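My questions all concern the structure below.
Naming follows writing order (A, B, C, D, E and F), and every chain is counted from residue 1.
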Amino acid sequence: MKYIETLREGERVADIYLCKFKQSAMTKNGKPYETVILQDKTGTIDAKIWDPNSQGIDDFEALDYIEVMGDIISFNGILQLNVKRIRKCREGEYDPKDFLPVSTKDIGEMYAELTGYVNKIKNEYLSKLVNSFFIDDEEFAKAFQYHSAAKSVHHGFVGGLLEHTLGVVKLCDFYSKNYPILNRDLLFSAALFHDIGKMKEISRFPENDYTDDGQLLGHIMIGTMQVAERIGTIPDFPAKLSSELQHCILSHHGELEFGSPKKPAIPEALALNFADNTDAKLQTMTEVLGSSDGKPEWLGYNRLFESNIRKSSL
Amino acid sequence: MKYIETLREGERVADIYLCKFKQSAMTKNGKPYETVILQDKTGTIDAKIWDPNSQGIDDFEALDYIEVMGDIISFNGILQLNVKRIRKCREGEYDPKDFLPVSTKDIGEMYAELTGYVNKIKNEYLSKLVNSFFIDDEEFAKAFQYHSAAKSVHHGFVGGLLEHTLGVVKLCDFYSKNYPILNRDLLFSAALFHDIGKMKEISRFPENDYTDDGQLLGHIMIGTMQVAERIGTIPDFPAKLSSELQHCILSHHGELEFGSPKKPAIPEALALNFADNTDAKLQTMTEVLGSSDGKPEWLGYNRLFESNIRKSSL
Amino acid sequence: MKYIETLREGERVADIYLCKFKQSAMTKNGKPYETVILQDKTGTIDAKIWDPNSQGIDDFEALDYIEVMGDIISFNGILQLNVKRIRKCREGEYDPKDFLPVSTKDIGEMYAELTGYVNKIKNEYLSKLVNSFFIDDEEFAKAFQYHSAAKSVHHGFVGGLLEHTLGVVKLCDFYSKNYPILNRDLLFSAALFHDIGKMKEISRFPENDYTDDGQLLGHIMIGTMQVAERIGTIPDFPAKLSSELQHCILSHHGELEFGSPKKPAIPEALALNFADNTDAKLQTMTEVLGSSDGKPEWLGYNRLFESNIRKSSL
Amino acid sequence: MKYIETLREGERVADIYLCKFKQSAMTKNGKPYETVILQDKTGTIDAKIWDPNSQGIDDFEALDYIEVMGDIISFNGILQLNVKRIRKCREGEYDPKDFLPVSTKDIGEMYAELTGYVNKIKNEYLSKLVNSFFIDDEEFAKAFQYHSAAKSVHHGFVGGLLEHTLGVVKLCDFYSKNYPILNRDLLFSAALFHDIGKMKEISRFPENDYTDDGQLLGHIMIGTMQVAERIGTIPDFPAKLSSELQHCILSHHGELEFGSPKKPAIPEALALNFADNTDAKLQTMTEVLGSSDGKPEWLGYNRLFESNIRKSSL
Amino acid sequence: MKYIETLREGERVADIYLCKFKQSAMTKNGKPYETVILQDKTGTIDAKIWDPNSQGIDDFEALDYIEVMGDIISFNGILQLNVKRIRKCREGEYDPKDFLPVSTKDIGEMYAELTGYVNKIKNEYLSKLVNSFFIDDEEFAKAFQYHSAAKSVHHGFVGGLLEHTLGVVKLCDFYSKNYPILNRDLLFSAALFHDIGKMKEISRFPENDYTDDGQLLGHIMIGTMQVAERIGTIPDFPAKLSSELQHCILSHHGELEFGSPKKPAIPEALALNFADNTDAKLQTMTEVLGSSDGKPEWLGYNRLFESNIRKSSL
Amino acid sequence: MKYIETLREGERVADIYLCKFKQSAMTKNGKPYETVILQDKTGTIDAKIWDPNSQGIDDFEALDYIEVMGDIISFNGILQLNVKRIRKCREGEYDPKDFLPVSTKDIGEMYAELTGYVNKIKNEYLSKLVNSFFIDDEEFAKAFQYHSAAKSVHHGFVGGLLEHTLGVVKLCDFYSKNYPILNRDLLFSAALFHDIGKMKEISRFPENDYTDDGQLLGHIMIGTMQVAERIGTIPDFPAKLSSELQHCILSHHGELEFGSPKKPAIPEALALNFADNTDAKLQTMTEVLGSSDGKPEWLGYNRLFESNIRKSSL
């Protein structure tokens, strides 16, 4: 397979790619053509189908995997694929992992580690609640492992939500061992649930984009409501505990201006906010600095960190 | 009945008041006594029961109505009631309206006006939803009419939630007639529901204080969840419409730093934010300036308005 | 007439347009040419006059109406008009409304509605003052009806200042009926005057751009001074009332950081601030969403509303 | 004369003071009495007239000079004057300078120095304008010399407005010699006028408090309008120059959130902002640190400077 | 020993306390007396020595340990000690730990744990540097263990600086195991040094107050300079590493407005900022909630957390 | 010499320029070429060396002076130099002042004026300290005179640091004459040192870019440490004076969010902040408006001044 980041002007391409986007358009002279964006895990490339009679042109939609034949040209300094022939592929002809960004860690192992923490929750109500999602609900569990934690920024890849959640849970585990004021059961539960709203805020791969609900309600609201609804199905779940768990989820961004409608008001909410922020920012730093080859050279201004940034020299 | 604001040093009191607060305490010399706060609609007064053998002392709790006999003294320049005798009253001996702040408008008439707007909603799903609260659920309707919209600040009285909601709905009615981009059904529904979360955020009178849920979740979250839950019981309620209505409720404070987890993203959400703010602030101004007797004199710095304020001269 | 938004590459044009801008320039090889921007109510197009001997080239200035003959080409993907021949038009050959953005509402009807409110002002001093502008001063009245309320953003079209002022007055009318603390005469007068400074802050169409005074002083300052000056010509105008009216005008942006040197300190000033903000933002929303065809699709991030925005689904 | 700051418990007083405030009140037992605040240049003291038949009690008003006889007591740890007898004084019996805070510099000399700068203005229009206030208008000149620049904070004493204005003009003189981009005539004129609005924002001594106009309009607006009005009486005053001068006055606070409706847009406006800020803050520092006796000891947190402050050790 | 928090009105006291403060004063009637504040680890009490001839009155200074004899009275509702006799104590008569707030953890054990981390640093230059402070410099080591990390807020007790530093190092240890982008040696060194400036910013117990240098320079600046100076004594210390370590110290508050002159620009600086913030806030939460007896009751508004706070119910 | 700003398409160039930047690159077709940026004091131009066998191509580095022969072409509307031949120049063939921006004032005269102020410092310790840098250390003195005060913005030219420092010292001289609370010796010393950290924050010309230390530590920190270190070599330098001087340097940006870790806490620190800000902003205004030819025309929005700006009309 010829990865997109390796393509050069003048080359002929005949390979399978994911069609990320497809739209009919019209040239300035009124001739119809198709604009397509192709993707693999190394990047994307614009493709044009100028000939409306091109073979296979009507057989595929966005998010299909397609085999394309064509030539690489350079237009205004940017590479473009001039498509001659297209064929929609069948499942089995391709491995989705070649076309989507994926966690560098093993998803199965991460999930096993995560469920290890699930099993440590002793409070019967929280245990029931957490199990009902992560252990008993196979569809949820599968989707959770596959989901991304972001459209871009940090953990924006297959397995990203799992990797981030595991990172947060592990920090919370460390906190609860070192700061006796924290209740481990409540903190673990809150950590496990804190970003599940992202499964509805962001659509699944390959789309991985904000949903209508995501834009109108946001993952904080969505996740809190999911947990509240499920609690409603567990008899005698203590009301105060329910409110505390929901509070942890909705205050986990820490500040009103970051989208939390309440500031952390109990120790576990505060700890969750720190864990989420620490894992998110250190992962972002890792992703941003990752492509540099280890030397302490400045990468220029980064808006998130409000600073020029670089690796350290050691 | 002798209203609290008219009491003077040296007077003897023998009348019924609401007991807002009761607590046992100890003098510096180790003698037990009771601290009580009495309330009627004109204000509150501290009362002390120094003699642990005072009659009736153990028969009542906070939020009971009690008949007290005692003397008004002045301690450190503040009036205090020295209680000699106490008797817990039975329902019927008193009229709660004498002891609580109440809307100056007729609650029944306001609710009739509000249901008039309910009936104007044509969309079948929104109509069903709104009716299920305001018309079909008598307990909700009764509680809604009785509730306050605040612990203090604006509309902090019996009927306050109703009065504020009606004010907001009327503004929305005016908006929807003048700005065609607004959908009346969605806007009315959002206006009716926007503050119902306050019924759980703030406890009922006479307590009228923040609840545990109110502090942990807030009325924006609580109200949105109540509406979402009820929508779940209405078959075929359009998902997009559901999200839009929830969005209006959760964005009605207009800014993240005011506790809305999302900024208004659709015209109706923006309009609701204006209506809520306009009614709230003009009512606050009315309450603050109300006690001044009409002359344009400066009342000093007001933190909410970040300015010295006064009435105008006309 | 061939509207600019319909022009296509390769077409020949021979029609009248407004010349918005004209400047002599030099090619990289040192040959002189003219850059011109043409405008009609559907948009603008760049035009170049490459031949210094082109007929009519020296006869016109910016803001003249001109008949041009030439060809549409595409340069760097943007349409451009290659001008061959130009002729300056005489008044009567064109209708300015074809070349400028105009309110979708009837200007005469709006002004009649506005003067209806003028007549409702009962206070003799305010009535005299308001009449002296809107009724007695024909030149002012004519200019007021023609003016825009903005360079771009909201109400940036012929009649825009009138349409916005009317919208604000109507909101104030509604407020004054529902909130007894507001004095109608003062509020109406303040609403009528609140943006008249824009007539000097922004030049008349077709220029519609910030003036020197506009940039140095701003419409808040200019409008307040105009009103203060006129008050000086009305005998016995009460000093307090004069200050209150000026205060309403200068505080109508509501916050110091929005350019008001004082925060609203009297109820009418607060109400005017709400009316101005409500009308401005709902109109902006209408203008921004207007071009979308009714479906609830996201328009992307809008800086003014600090959110992605879309229409609602109803 | 016995200065207020030297009074001690148990002393008898028989001296002249300024009556800053007078109000009738009622004891908790319903007996009428008078509350009075007495002032001299060293401070103020509360005085009570308990006997409604006290001699002279009805003959004076606030801001009269009165001779009082009475005894100093301590109430709740604060000194108070128990008045026995009062007599309103005639002009000539007292020297106002003993009762009001006064500049430590000679007012006549300062004004002479200020008019020296007036004479350096060469532009005929600016010269006419400035002369019309500071030289030709004797009443203005006298009031200007006597006025304070603040209710409290910096330059809040007789001659304060003059002292501050002179300080600002001198800084502007230095700037204009060192930064050629600055026009001296415009900068001097702006400096001379920048705070004249305070003469209407703050009432004259001994009251020295915010006026109604001061609170509604503020000295920036008032001063700008005064200058604009006077310009209207000078034939052919260049319009651009008029706008620039007004702009300097209204932008001299430098930031919108400090009450300037425009940010400085021309070099002279920027320079005036620096001069005003520099003189105001260094004078404030001088006043705050002045009472300490020269040793570098910390005075605690100062809200204006957002820091603990002290003198330096040299 | 009778602890201060147990004293009651009417009791006679004859015990040893730390004199925190001593000042001569004058009654309103001109009689000299002494004001003294006494302290033990449970609190403080005001004491007055009214008789200038009281025995021992001239023999002691602030921060001496003194034996006092006197009576407890109540003045304005606050307990006060009326001192009759005083005697300055000799070392050995008292145990300082009874008079100062002390960490609840064993200082020796904590320091042993800390030096364990010191030994893990492999980079020869960082190892030399860290050892030169924590291992080789006994005076530093002793002072470090004894010092507080704050005047009040978090870790404001003997051993507080050590306890906080250890907490931060342990978090950094956890981070460096989980986030490969972090260099452990640099991060450990930065964590160990991050608050050593507090040893000069805050004076030693029993005073424990801001020093002159602390107020003028702050612990961030002081600590960075101490490290820079020591680096200068280590031959061939890499310049880049030196800058990175100093950068970590000076950016550890994370935001300019929190007193860091630079934002974190390398991963280790970012991680240190998270570790410092996490340990400080969780400890603050522990201290604030610690006095409540475990029930989830609201403690009211806390300025640091900008929220009402309480413990959770589990 | 042919200045870069005068070059036109089609011209042949054969002249000496400074090579600001040099990098090897690869065309899309895989052919190696060199990208070079050439600079003289009038601007910069991109140059390409397409032929890897071009003469002289390997003999020079960035920041060498080179003689180039080639042709000016236009690529995507931007001028570019197609290099045919290159030759590295020897010292003496060129005058650096032709290639770098330089102060319009005489550097020698400015330094003489500066040392005049150095000599006015009477305090023996401050005098020794200041002399040790500006008089005794010839290398420092030479570098100081040559250095820029910025990468761009204000005083970003050879001699800029000197010119700015002199401007600040002169303002401080004026302040110290007019505000007696200021100590001249301390203020002069602080002004002289306030920006010396820029000599290590920004590299020397021709590079004039942020150094690694500059980005990690900043000139405030660097300068303070340089002064602190030198003080350590002066016997008996008073500790308090040392802290005050360091405090002035580190607080001279005035606000934490501008990178000062402390707000000004003593009068001299406050004055230095005003002097630095005044000179910097007036110089920036001068540089920004300088290119306009004196007419009061608007230059558009300036981000630093947050306003459209123009010259005044006088």
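The criterion applied here is as follows: a contact is a pair of C-beta atoms (placed from the backbone, for glycine too) under 8 Å apart; a residue touches a chain by one contact, two chains touch by 3 or more.
Please read these numbers as outputs of a predicted model, since none were measured by experiment.
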Any chain that touches subunit E and subunit D: B, F
Furthest chain, CA centroid comparison against subunit B: F
Subunit E-subunit F separation of Cα centroids, rounded to whole Å: 43
Residue numbers of subunit A (touch at least two other chains): 212, 215, 240, 244, 262, 265-266, 296, 308
Chain-level touch network, classified as line, ring, star, complete or other: other
Which chain pairs touch, all of them: A-B, A-C, A-E, A-F, B-C, B-D, B-E, C-D, C-F, D-E, D-F, E-F
Subunit A-touching residues of subunit F, taken from the complex the two chains share: 28-30, 210, 212, 215
Subunit C-facing residues of subunit D, complex: 212-213, 215-218, 220-221, 224-225, 228-229, 240, 243-244, 246-247, 250, 256-262, 265-266
Parts of subunit F lying in touch with subunit C, wherever the complex brings them together: 8-10, 74, 79, 296, 298, 308
Subunit D-touching residues of subunit F, taken from the complex the two chains share: 123, 167, 170-171, 174-175, 178-183, 185-186, 238, 240-241, 244, 262-268, 270-271, 274, 277-278, 281-283, 285-286, 289-290, 296, 305-314
